[in-house]
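Letters are used for the chains, namely A, B and C, taken in the order the chains are written, and counting of residues starts over at 1 for each.
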Amino acid sequence: MAAIQLKNLHKRYESIDVMHHVNVDIEDGEFVALVGPSGCGKSTLLRLISGLEDITSGEILFDGKVVNRLSPAEREIAMVFQSYALYPHMTVKKNLSFGLENLNMDRAIIEERIQKAAKLLDLLPYMDRKPRALSGGQRQRVAIGRAIVRNPKVFLFDEPLSNLDAKLRVQTRGEITKLHKKLNTTMIYVTHDQVEAMTMAEKIVVVNAGKIEQVGKPLDLFERPANRFVAEFIGSPKMNMFKSKITNVSDSGIEVTSNTIDHFCIPVASENAKIGDSVTLGVRPSHIEIAESGIPLEITQLECMGHETFIYGSLKGESEDLVAHLPHHFEAEIGDTIYLRFSSQFMHVFCDKTDQAFKRIES
Amino acid sequence: MLKFLTRTRHHGKMDITDILSWLWLTLGTAVIAIPIAWAMLSSLKTEAEVNSFPPSLIPQSTVNTQVEGYDKDLSVWKWTQPNGEIKNVALVRRIGIKATVVDIDNPEKTLQVPTSEITQLKDVNFQWQNYTDPLERFDFFTYINNTVFVTVVATILTLLLNSMAAFALSKYKFRGKNAIFMLILSTLMLPLSVIMVPAFIVIVGLNLADNLWGVIFATVATPTGVFMLRQYMLTIPDDLIEAARVDAASEFRIYWRIVLPLCAPALAVLAIFSVIWRWNDFLWPLIVLSSPENYTLQIGLNAFQGQFSVEWHYILAMTVIALIPVTIVFLVLQKYITEGVAGSGVK
Amino acid sequence: MKNLSAFLFSILDKFMRFIELPTVYLQKKIGVQRMGYLFVAPNMVLFSLFVFLPVGLAIAYAFTGGTNMLIWDRPFIGFENFSRLLNCGSYMDPASCEFDLFWTAIHNTWWYTLLNATGTLVMALITAVVLNRLTKGKALFRSIFFYPVLLSPVVVGLIWKWFLARDGLLNSLVLDLGGERTIFLLEVWWSRFWVVYVSIWFHMGFFTLIILAGLQAIPRDIYEAAKVDGTSEWRQFWRITLPLLTPNLLVVAVLLLIRSVQVFDEAWVLTDGGGPGTANTFIVQFIYQTAFSSEVRLYGLASAASVLMGLALLALTLIQVWLAKKAEY
């Protein structure tokens, strides 16, 4: 088990910088998810932590000790690859024992460890099969088993579930969470699926273009995104955004005006706000209410699931479509006009210059 | 068989193109097969028969028998008597058109018969001694030993060295990698015949002249092998190698325990080629080896045919020995060989 | 059996673990990625010794004279080797040259190359096209035609020497047909014919296979379309197959030239060292004899001849690379 610190971590491939001075603290035993769009550098970050890739500058510390020059084995990490990377020519048993044999461990201890892991992961019936004769889910479990037997200080997962079908993914998600509870080892988990990140992780690191956008608890990121990128990235469907302008600034918040709303006061810290600045307003689809009167919306598409409803429509004067999510059934027809109400305490304001969010005033 | 041969693209009718095609194939097969078959058949004939003209098709030998009252074995002849009766007799002597024969069943009585009435009896007889004699009386056993040694050792080294180089060129990032790869590729275009003189001088410098290791070392680093294995290794996912690194395997162990086993199919193809190349090598061993005890089979055979150019029964038997391993390999693995050649243009 | 192989494997494994030790140490020292150097090293050492160094030496020796083997015992003589090789009254007449054998070899090689390359190309093309038409038995015939390629030059030389011998099968056939007994390999023109013939017989299968691969790469639907139009098969060959195959054929043709120029092994065995006289003495044989089997070993002269041949081959290779690039578009 280990606490991990990344200090000013920088990585460059030939002439391209792919990690820009990253700082992250991970506590001992924590389950951390790395999320971000494709190509943002999640895998790179994971590989830097693992030691598979050399860092260009900065420091990686495990339990306060610099491990920059240590090999993956010396860092005592274990990794589960997206492709599982099982050795195709070895049986499941060999796959599990290979790493231990490389450490010149005693045969009896190896046997004991792989039996324990196999039992834990229900792999006992398949021990003498080659990976090719296993289903996707079984291979996945072997890959996890191969990590477990080594009793690593840190587990690293690189999108381990993306090759599974939807049902198995949900199930395995639960199993990994359980595993974490049981082993209590630090786990770093790369995913581009924010549902995975939100449901499994204790802490989420949002990466974008080689930079850390925000680090926080799942709900924190959802409720208090630090910038526009995080706001748009976390939450599904995406947060609705409108262009607007600051019309007034006061201690209790700032007042904005756009094509759809007029002199609307939002309770956010106003130190950095100036009248006339252009800002972007954000509101999550689930924070939109239907009302008798208010902002008119012409429905262009409707998705009724029975217990919830997604309404898509265009607002007058806005280029982008708006999405509203209602947690119940809603009767309407395409082409109908309905009226919406935004509540100010659920609205986010982002400065257009810096893309940073104005801090919420907590009541 | 006939139906199979006459099957065409357009069902039923054979047009002139089909007939010409089949003619070409049949003729080609005959042209290829006849000289080889002829050499094989001849290799089983007795010395006398090999040198007789016109030649007989099947290896035969005269039938001899022991007849009471005669020291030497007599040859058996078929006597067609004027009355049409046919009888086997043993020839004692022949003078002009008269032959003295004895009846095998009552040897006391000799007969005078015209030679036109008798024909010699021959038996199909494979002269296996042609194969065993040169092994015992000449150095062919040594030659074969040397060739097997060179073939086996060179093939093992080829597989090891070329796969190591291919591993480096497909799975590592280091400075000069591309330059090294281009250098290796360029050797593909440099034939031995251009550099044989200085290559021999290098061998002399290394004190490997007239030494089987001199034959081996110069041939084990093959650009073809490196290229072929590298192509194959590029299809092995890098994840696998990184997984092994995480699993505390050293780079050498990754090569030995992960990469080599996974390359087995490509290694097998290279092994087949290497065995054929080394077994057949001629020019290079001819240059390097000078004393008969170091000759490989090809060199020994060539020297033997120069020295004993009349002993065709031995020469041909050893020729067949030289072609048999390659033939067996081809019969068993023809699919891989033809596909390997068509795929990569190696020979 | 299983126990034995397991036992052998465990020994091998122990051995490899032993070899592994120093590499682990090295890996720690130089880092993982630079281990690539270690893995290419053995190959590169051998390439350097037996390819790169000889290339340099060939050029160096070409400018030295004398009969000593070691380069530092040899006097530098500039272009003398080359000028002596090229010293001719008329290049058309080898007898007028200082090294008449060299020029005889060049003439012989030239004619051999021309005939062998043309013959092989035509034969291989026809065979490939015929094989490509087959629906059944293709693999079988492909193997039959390829088989001679796998034989050794000595085996091929001896098989044919026997076939063409004074008392050989061919002479018996000739006599049966009312012809005259000929000692084929002792008559200048017959022997030249048979050297080319045997070469074609020997190597044709290889080129057939390559051309066949090219033929199979031509998309089927082009032929389907032609068939719908009612184009005859001959027309298809001239109008579709040949034009589409031409880039491939050019590459094959140059490859054939490169191989033909280096003729030696099977011709040497077949003709007992280039005979009758020097009727079948080729350049490689000239180099071989000059360096290895003459009374005085003229390494410099042989190297100069090698360099000249190397330059010719280099030119052909460059043409081939260029054509191959063009064939890929």
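What we mean here is this: a residue touches a chain if its C-beta (ideal position, glycine included) is under 8 Å from a C-beta of that chain, and two chains touch if they have at least 3 such contacts.
Since the model is a prediction, treat every value here as computed from it, not as a measurement.
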item	value
Chain with minimal offset from the mean of all protein Cα atoms	C
Contact-richer chain pair (by C-beta pairs counted) among A-B and B-C	B-C
Mean-CA-position distance for chain C and chain A (Å)	62
CA centroid of chain A to CA centroid of chain B, Å	66
Computed distance of Cα centres, chain C from chain B, in Å	19
Residues of chain B engaged with two or more neighbouring chains	245, 250, 253
Residues within chain A bordering two or more other chains	71
Shared-contact residues (touching 2 or more other chains) in chain C	32
Footprint of chain C on chain B - complex, ascending	4, 7, 9, 17, 21, 24-25, 28-29, 31-36, 38-39, 42, 51-55, 161-162, 164-165, 167-169, 171-174, 177, 180, 183-184, 187, 189-191, 193-202, 204, 206, 217-218, 220-221, 226, 245, 250-253, 255-256, 276, 279-283, 287, 298, 301-302, 305-306, 312, 315-316, 319, 322-323, 326-327, 329-330, 334-335, 337-338, 341-343, 345, 347
Chain A partner contacts - residues on chain B that touch it in the complex	237, 239-240, 242-250, 253, 257-258, 261-262
Residues of chain A that touch chain B when the two form their complex	47, 50, 52, 71-73, 77-79, 81-83, 85-89, 98-99, 102-103, 146, 150
Chain C residues touching chain B - in the complex, by the definition given at the top	16, 19-20, 23-24, 27, 32-40, 42-44, 46-47, 49-58, 61, 69, 126-127, 130-131, 133-137, 139, 141-155, 158-163, 165, 167-169, 171-172, 175-176, 201, 206, 209-210, 212-213, 233-234, 258, 262, 264-265, 269, 272, 284, 287-288, 291-292, 299, 302-303, 306, 309-310, 313, 317
